[in-house]
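Take this structure, written in structure tokens, and hold onto it; I'll ask about it next.
Order of writing sets the labels: A, B, C and D. Residues in every chain begin at 1.
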């Protein structure tokens, strides 16, 4: 049914803010921020009642023709079902909070208004992605998000590192997006529609028309490429760590809470499709698991506070993807929501730390607990949530995923995920202990607590990351999972105490080990690093993947470009244009190059013409009897020719 | 007036040209304003024609017919439809903006603007002529002013570029002339009248031969892969407004020729050559992309990028289905606006820095923010960012080509990635990074320049957000064409 | 038709003849030669006024002179050519002096001779009229008393011409032997029948030499560049157009009346020669540095294109030849008019003299550009109509190779024509601004420019004149 | 006695060939002019012979011959005139020395 209020407003409000800020920014100055925050708050205010109605079982959809694909009309519109409303809820709230925080964080930046313009544009795009009802609209908004991410990563574009990072981010995701594009082209070829609900009905009602499963599998696989790109899954995860060049609120908003999660959302959206293409799900699981483990492993050794968080994000996204791969739609989405809250909180906390200390390297920090208490406390809460300590939100969602893996009989995956959980706890608390505890290692750092404008959102989010897990917990009888199950059917499993126990154990073990290593026995860290040097290097250098890419993909691309250009200038141009060998040869045969060729027209036909010219000219001896001789010769030739023919 | 609107559109520039001819050499302001007002009038006329145009109708409309050379029953036959009208409109806009861009011309203004208006007449005529003979005449009329405009006001190697452009195109068009004659004599009764020729049936062998003859003419203009080498030279050497015209309108004349003549006249041959066309399209897309990646000259990069983008038009043509045609047609329009804008931007930078070396720039984003924003906008449009026109056309083309061949589509997507790559590298090398102190004095883009770019940006966004505003004009005609081709 | 009643239809020619003598007469007494020139111009115009199209073809002087639409067309052609040439040569300084009057007189004779050529319908008549034209041409070429080049050109022209016509004469004698008559139709009939069929194949070759020489068809074109370079520029202008055109005229008449039966046979030959001619002309023109020599080669190439029409020799082909000649008349004369002007004003015929002409004298440059474009066959100019016509004929006759070669040739041609355009517009001026052109020459230029444009834009008018 | 036609034809052909040979090898322009006369006369010989043999119009051939003689005379006259003029400015009558105009 059609929503009571124009849903289109939800994305359009932030977009309006963007338009105003980008055009009138230089006059708005800091008022730009107010505009953005206001619009996004308004969007939030519009969205939450709607979500509430959906939670109560409502279902909103409306659409209008945008374009004719052949004979098929392509309908653009919105679709508010459990999945999208959940994300809508999360995005509006988190987004608004982060913008409030940014008001404080970005104060005094020369391109203050520009920043908020971009963020508003991003909000608009993200909201469109969430409520869109078909793949094309989804893809368009998805690309716009990519653009915003590009612009915001490169916000400090005077830094070459930032310039490179934003380009890298855009191109890497672009590769995935092209896969996505091919994916839904294939889908269109298979079922003749791009509309989500139509797709669901066609696929689930498969009896009516026999479906081309291979084509569907291809579609599913290629669409998943989009996820790999956007959600920074292996092998396209390389861009996300570099993306930390952007301002920290951006990292929190785009590269932790919302955009990167959109990839997971895509899989969730296409869940029926994936379900219909069973031979793709293992791939999804594999990718997810590899990513989750690998990223966590890298995070163990990083020194940059934001990079640690970035890898942790990748790892958590891996979790979600794994869950979806095991067709745990509820689990995946649940973790997406909870993760959004506490990871955003972590980043904002990190931002606050950076804001207070102006350093990012954790080796230079230490003992900040006293200096910036509220930051520290919220940070720790979030870390606990991430580590999966009950009753914080992270615990419930992670537990759901582990449960799915365990109960669906993928014991190996379960083991890996458990190990990952352990590592997660370890590196998070390594971070905490090095940052907030011990003594200040760098005297030059004079830390101070951030202004209220920044700490308030921290607390808000902290509350969120504590309570947001409740709907999925036994306390509410796993309401969330059931709610999701209404939309699309997937196997549900009975909660098992064994799994809970394992996850708690892993988390606690990780925390304790971190405590021992980084508070008591400092030397252990170095020793282990020495002992397992290869492993350490592997982790520290991120499995050398960037180097591999630059050596085997980026450089060859440019090389091909240069080669083809050379080809173009010499061969293609030469074939017609004869700057090359032919001309030189001819010129050597006879020195006929005269000024006209040089400055005029070095064209093969031209060259050839000139070559002939050098002969025909010579015929013209100016000696009358030669002329006559030629005449007579010609006549004789003709005569002989004739007499033969007679 | 209403009945002869097309003639007015075609010949108003000529009137303007003669007006310019009778203005004394040194009153350059008058000349410029005459030219500008002429182009504005033409644009106004195009808008008027837009009022008369029935989008829902597939066939030719606003037809004007008069016997020209009775002995060969050559007619002065003008008419427009969903294929040509967007091109007329595009030509009107581009000419207007490029005219604004030409105000910077410093020497021999009188000749320049005279030739400029002559050129506009030629382009308009090419797009509305429905008589093959008349079409050929206009087609050739375009060449000569172009030769002078590149040759006199161009860059250092202008003479080479000009003559190369001229001879290349002339060679192609001469073969096209032979093809036209072939069609003429094959038809009974002998006629050049498109409205009659379309219906007639021709032998496959004959179709193939003549198709090739036309192909040579059009392929060189587009330009399609092996015939593209004139393009970089011409683009690099030509003065900015002329590059804009070149990219915005002239390249389209080639693909327009395919739509208007090759396909309807030789449908069987078109089907027969479909694979070849597809292969050439892919070659163009990927090849152009790679070569553009290797450029260090800003303008040359844009030039090669248009080789790549025009490849998509060809791909849509090769797809031979509704989406392909629509995509190709739309791509023709959007490429005109986007690449035109990019060339204008190159010009803006060149006027200030007198350099086009990408490696020499850097950090201009801070120095000239407005310019940076606009350049980024056009680059994104060119790399097919959604909500901008380029995306819609490329999406439709890919959708169409997917129905034709999955492999081809897969390969062509490589072109999209490449586009993103070379454009972002360009953006980084020009706008991002540290400011090269050499350019610390550069001033930001000024109002007049913005004025020339704003309309294009509006068009790009409008089409990108709601493509039907233009597609609805094309679709009936294209569907009719499809019926002819597919039989 | 007998002599007396023939004279009724022979008025314009008589006027020219009388006028010529009158001019020579006045030349003796009048000191101011300008008046002589004006007088001859007047005579030409009067003659033109008396030309009228006969209702049906007339066989004048016992069918020695066949006055039909064809001849009528060339009558006008000749008169226009001579008139324009005179206008050009008024301002040609080297002519100034005691002999200027004779020059005009000779041109009147030339006009008369050309008309005879157009109408000649008898081997004897053909020989005589062609020789008449040649003799006067020799004299005109060698007209500049002091100029060694002019003399050399004249002697070469004379030797080459005499040999060519001697060969043709020998062929004529054979034809006479075969048919026992000199009247073209009779000869034609005779060649229909056996023993002489093969003789036709031989005899046509002799005409190829004799008339090929006149139309500068390769390989009988060798004289042309030297003669054109050496001759006084107005004479060159004239020679490249009028005698050549009339050569084509008589060639066509001979081919259609006498050798039609063996057409399949010689059209192959002509195709080859046409290709040879245009290719040689274009290729050699590429690297010329003397504008007159340059245009000489270009005119050879043009002859090659016209030969396409001859080779096809369908209705369309024959009309093509006429149209092309008409277009060529305006275009080439125009180009040479400019050459004369620039030669006068800069005193040099080198291409270098044209550098930056667009700044030194914009109007002249613009005119020359138009003429060159027309030569290159760019629409909408006269040259294009001509080219279009012969191409059309060739395509219709399925002479595909010929057309393709011609197309390639036109590209090469376009290149060297644009060399001059480049010089005029793309290179900087080599001297001060030039004075405006003298009035008569300006008038001539205007006329020819108008001709080029009109023929290009409204070919219908001219075609209707030819299609009859 | 009557000379068969063939003999005359062969003779005229030889005469023509001789003239042609002369034209090609003589360097002196006067000589070339004379050789051209030979060629013309060869043609004349043909005409006369044919006019004798043919039935249709005997007189035309002879008339033609007379005209040709006249033309030959004019040609020679003009030629000599030009040669004189040439000699006046170049001081030579040899073809291989008159080659200002070439290429």
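The rule is short, and it goes like this: contacts are C-beta pairs under 8 Å (C-beta built on N, C-alpha and C of every residue); 3 or more make two chains touch, one makes a residue touch a chain.
Note that the coordinates shown come from a computational prediction; the quantities given were computed from them, not determined experimentally.
Participant: If you tally the C-beta contacts for A-C and for A-D, which one comes out higher?
Facilitator: A-C
Participant: Could you please state the distance in Å, as a whole number, between where the Cα atoms of chain B are centred and where those of chain D are centred?
Facilitator: Measuring from centre to centre gives 66 Å for this pair.
Participant: Averaging only over C-alpha atoms, locate the centres of chain A and chain C and give their separation in whole Å.
Facilitator: Those two chain centres are 77 Å apart.
Participant: Just curious, how far off is chain D from chain A if you go by their C-alpha centres, in Å?
Facilitator: So the centre of chain A lies 96 Å away from the centre of chain D.
Participant: Could you grab the centroid distance between chain A and chain B? Build each centroid from C-alpha atoms only and quote it in angstrom.
Facilitator: 35
Participant: Scan chain A for residues touching two or more other chains and write them down.
Facilitator: Residue numbers touching two or more other chains: 600-601, 603, 617, 620, 622, 624, 628.
Participant: Which parts of chain B, given as residue numbers and ranges, touch two or more other chains?
Facilitator: 159, 163, 167
Participant: Hey, what residues on chain D touch two or more of the other chains?
Facilitator: Counting only residues that touch two or more other chains, chain D contributes 20, 23, 95, 98-102.
Participant: Which pairs of chains touch each other?
Facilitator: After working through each pair, the chains in contact turn out to be A-B, A-C, A-D, B-C, C-D.
Participant: For the complex, give me every residue of chain C touching chain B.
Facilitator: Residue list for chain C touching chain B: 358, 373, 378-380, 384, 388, 391-392, 395-396, 403-404, 407-408, 410-411, 414-415, 418, 421-422, 425-426, 459-460, 463-464, 467.
Participant: Mind pulling up the chain D residues that touch chain A in the complex?
Facilitator: For this pair, the touching residues of chain D are 20, 23-25, 27, 95-96, 98-103.
Participant: Going by the contact rule at the top, pick out the chain B residues touching chain C in the complex.
Facilitator: Checking each residue of chain B against chain C gives 68-72, 111, 136-137, 140-141, 143-144, 147-148, 151-152, 158-159, 162-163, 166-167, 170-171, 174-175, 177-178, 181-182, 184-185.
Participant: Using the touch rule from the top, collect the residues of chain A that touch chain B in their complex.
Facilitator: Listed in rising order, the residues are 22, 66-71, 136, 139-141, 143-144, 147, 154, 157-158, 160, 162-164, 166-167, 170-171, 174-175, 178, 181-182, 185-186, 188-189, 557-558, 560-562, 564-565, 568, 572-573, 575-577, 599-603.
Participant: Chain D touches which residues of chain C in the complex?
Facilitator: Of all residues in chain C, those touching chain D are 123-124, 127-128, 131, 135, 138-139, 142, 145-149, 151-156, 158-159, 162-163, 166-167, 169-170, 172-174, 176-177, 179-182, 186, 225-227, 229-230.
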